[in-house]
Amino acid sequence: MIKVIIAGYRGKMGSTAVSMVQDDPELELVAVLDPFATEKEAYGVPVFNDKEGLVGIDAQVWVDFTTPKVVYENTKFALENGFAPVVGTTGFTDQQIKDLESLSVDKKIGGLIAPNFAIGAILMMEFAAKASKYFPDVEIIELHHDNKMDAPSGTAIKTAELIKENRDFKKQGAKGEKESIPGARGAEYDGFRIHSVRLPGLVAHQEVLFGAPGEGLKIRHDSYDRASFMTGVNLGIKKVVDLDHLVYGLEHLL
Amino acid sequence: MIKVIIAGYRGKMGSTAVSMVQDDPELELVAVLDPFATEKEAYGVPVFNDKEGLVGIDAQVWVDFTTPKVVYENTKFALENGFAPVVGTTGFTDQQIKDLESLSVDKKIGGLIAPNFAIGAILMMEFAAKASKYFPDVEIIELHHDNKMDAPSGTAIKTAELIKENRDFKKQGAKGEKESIPGARGAEYDGFRIHSVRLPGLVAHQEVLFGAPGEGLKIRHDSYDRASFMTGVNLGIKKVVDLDHLVYGLEHLL
Amino acid sequence: MIKVIIAGYRGKMGSTAVSMVQDDPELELVAVLDPFATEKEAYGVPVFNDKEGLVGIDAQVWVDFTTPKVVYENTKFALENGFAPVVGTTGFTDQQIKDLESLSVDKKIGGLIAPNFAIGAILMMEFAAKASKYFPDVEIIELHHDNKMDAPSGTAIKTAELIKENRDFKKQGAKGEKESIPGARGAEYDGFRIHSVRLPGLVAHQEVLFGAPGEGLKIRHDSYDRASFMTGVNLGIKKVVDLDHLVYGLEHLL
Amino acid sequence: MIKVIIAGYRGKMGSTAVSMVQDDPELELVAVLDPFATEKEAYGVPVFNDKEGLVGIDAQVWVDFTTPKVVYENTKFALENGFAPVVGTTGFTDQQIKDLESLSVDKKIGGLIAPNFAIGAILMMEFAAKASKYFPDVEIIELHHDNKMDAPSGTAIKTAELIKENRDFKKQGAKGEKESIPGARGAEYDGFRIHSVRLPGLVAHQEVLFGAPGEGLKIRHDSYDRASFMTGVNLGIKKVVDLDHLVYGLEHLL
């Protein structure tokens, strides 16, 4: 049984994390933290308004879905008090992450700071990066709801960067190919193309297509719901207890 | 049993048509025509070099995969001699098609001139056109081998035209959406988007995607091989014998 | 502007219908009905507890998402009072539907009773039925969340029935094909196969795959959310005002 | 420039390999072997009928697409004469492979024996195995032409075995789920399901689907043509020259 504290338990992500912990027989919720909570007890465990009250409590992991303002102090506090942090809150500077890594090494405590807990998306990117070593011909199609303002999506651009790092450069498409309507061939990035589809009903989806003589390989990720992040948080909790330093990015635990 | 003449039996399409006719127990090959053939017999039937030799032969259907130069005269000859033409050769002027339609009405003989015999592609276009009446939010993704010079493909443009005729105009996408790399959102046609993917290994494929709150509808056609046209030629042969006039476009027989 | 009454406005479907009507500038909500409502006004319109209070109100359409117990009386009342009913509630006997059809003809009032308002699913079935006329080789893959108890799904079976009505019977697959693990080839229905996938994260999806020499055609419907039914309810409201009798099944309005 | 001998150059795979080598500016064909060839020269290089004639020739790699009868002797000969073997011929006993591995270690020569050169299929299996560690809910859909006699396919079974080795056992599907038509839920293997689709027009395709709360991950491989194997043969040639022992299975070079 891994004993878990959840900081920011009243927010969307925090409360979803509470449910996830309580549904897993290998995890035990022992305390929750929120500076503005008025209740004394929630989900059967004590509520704290101030992190100092948690010094000495019997717990191994500190899950943090709080705010950019407090997350650095929270994570530092967790490491100093022997709780391995699993942090989904954003807002760290590069220097802060370096400091926390150093601190974790000194304290020999594991930890995870992850800007993205969607294991499926991380696997898609990792698989795409690997496939591009053998199949340099690739295109990305990302599909999102039609309220999205930017194109291509952040995930598509991150995938493209990873592909660029892994494949030999190739300018794809027929020499002298022509667009009879501009934009048909999509956005060009490092010689390959990215296409952004926007339709009502869609949530967040991406396909990475590889082609070679006589074959094709496609990797598709569909994200329907924020519940998907909890698979990653759960994995993080179970992995950090066996680590002796803090890592940045869930991909380092896969 | 429908008795069939095949004109242009030594070309790629013509010889594929011979196999298709011989494999179908409801069809019987009775003669083949090619001005440059030197053999007297082929596939167990007599070979003709000159169409005049076919006057009076016992046949109902004239399949034509010849050349733009002779196809108009061939089709006229077929109608005049009581053979219902099924023509895949291109090269007619609009006036010639009108003349042949008139002639067919006079003679009360069925016929079919079809620029495209791929039933699957025709159904995809028909379904897309119908769906766009109820789902005005649509995007087209067409995928071809990477030697293709033009984008979007002819089929994509024809599909887009049919959608335009059937849906109420809608300028899709978020108001003020931005491309961080130009072309990401694809080619704009009548307010919707077309994306052209080019990869080795692909042949000719198209997806039409519709989206509405809470749902999506996708129609995909894959064309791997010219064999696919024979399903349409077979259908044409069986339909023209029951028609009393010539039609232009296989869609009129579906 | 079409004036609309919504019966059962406090239920899940009813309240979603209220939002849909209020979001459409061509529709106007004029009254809502629920026997147990305690408020006098909701969404800016009067609330009624008893349908009798609605006699003489200025409205063209009666949307009904109530209960099996009252829906027959409600629909009869609507027809008798000049409101074209659009009914998503289930629980009619065959005789009741016949009686309501007769009544609508007498009154020359349009109406719609629909067990399924998902236009996308209805189009998928219609397209599949049509394609099966030309492509007798077909398989269905339906994919649902892993709490679903029955396999194949009701939609898959309805699709299969429509295909059966439209294609010539064909026993598909290689003669003498063998399953090394039983069930690999799926459920057999009229000579073709249906496959049921169950995974967490999925909602309700179906693919109908057609194959012929050299080509493939796929029709896929994805249903993520009950919001999808509203496209059909909206269409129903706009169509019934031009009808002079009641129809059963949204497909008759497509 | 890597100098290459091709044994079995007149077979389907051998002659495809000749084209591949000649199209790659980093490779040079230096000799070809076939016991029954009557020509003295082919593709601009000398033809040998007996492998003994190749002793001392300046080459680094021996590509072998011959027959089960001679492949063991060929591979042994290659290792003994300093040519790194890349072998696609089947028919080795386990003991023979062990002997060749030992010999390669003694000689410090690289080599590859691969039952499957389709990199795309190998990557699909590797990615599926890895994803199953994090997503224990999985189903496999494999799709082949309708002349295939066995179901599930060999690739599907191999994929299933790899998944079994990597995930914790899980009996998937709803407790008490019912098939109204037997086989709907597919073949059961280690608690998950495999579905085999058979349609004309298809070649060899496979999808591995993973599901978790709120998300899905799909890996699909399409194999259209034997040309696809050449990407793997090419990779093998370039990798074996840097190895100091023989490996069995292309996956060890990815």
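A, B, C and D are the chain letters, set down in written order, and residue numbers restart from 1 in every chain.
Here, a contact is a pair of C-beta atoms (placed from the backbone, for glycine too) under 8 Å apart; a residue touches a chain by one contact, two chains touch by 3 or more.
Chains and their UniProt names: A, B, C, D = 4-hydroxy-tetrahydrodipicolinate reductase.
Because the structure is a prediction, the values reported are computed rather than measured.
Undergrad: Select, from B-D and B-C, the pair of chains that is joined by more C-beta pairs in contact.
TA: B-C
Undergrad: Among the chains here, which has the CA centroid at the largest distance from chain B's centroid?
TA: Comparing chain centres, A lies farthest from chain B.
Undergrad: Distance between chain A and chain B based on Cα centroids, please, to the nearest Å.
TA: One centre to the other, that is 49 Å.
Undergrad: So the centre of each chain is just the mean of its C-alpha atoms; given that, what is the distance between chain B and chain D in Å?
TA: That gives a centre separation of 39 Å.
Undergrad: Could you put a whole-Å number on the gap between the CA centroids of chain B and chain C?
TA: 35
Undergrad: Give the residues of chain B that touch two or more other chains, as numbers and ranges in rising order.
TA: Counting only residues that touch two or more other chains, chain B contributes 201, 210, 212-216, 222, 224, 228.
Undergrad: Draw the chains as dots and join the ones that touch; what shape do you get: line, ring, star, complete or other?
TA: Contact map by chain: complete.
Undergrad: Give every residue of chain B touching chain C within the complex, in rising order.
TA: Of all residues in chain B, those touching chain C are 118-120, 123-124, 127, 130-131, 134-135, 210, 212-231, 235, 254.
Undergrad: Which residues of chain C touch chain A once you look at their complex with the stated criterion?
TA: Those residues of chain C that touch chain A are 201, 203, 222, 224, 228.
Undergrad: Which positions of chain A touch chain B when the two form their complex?
TA: 137-139, 141, 143, 146-152, 157, 172-174, 176-189, 193-202, 209-216
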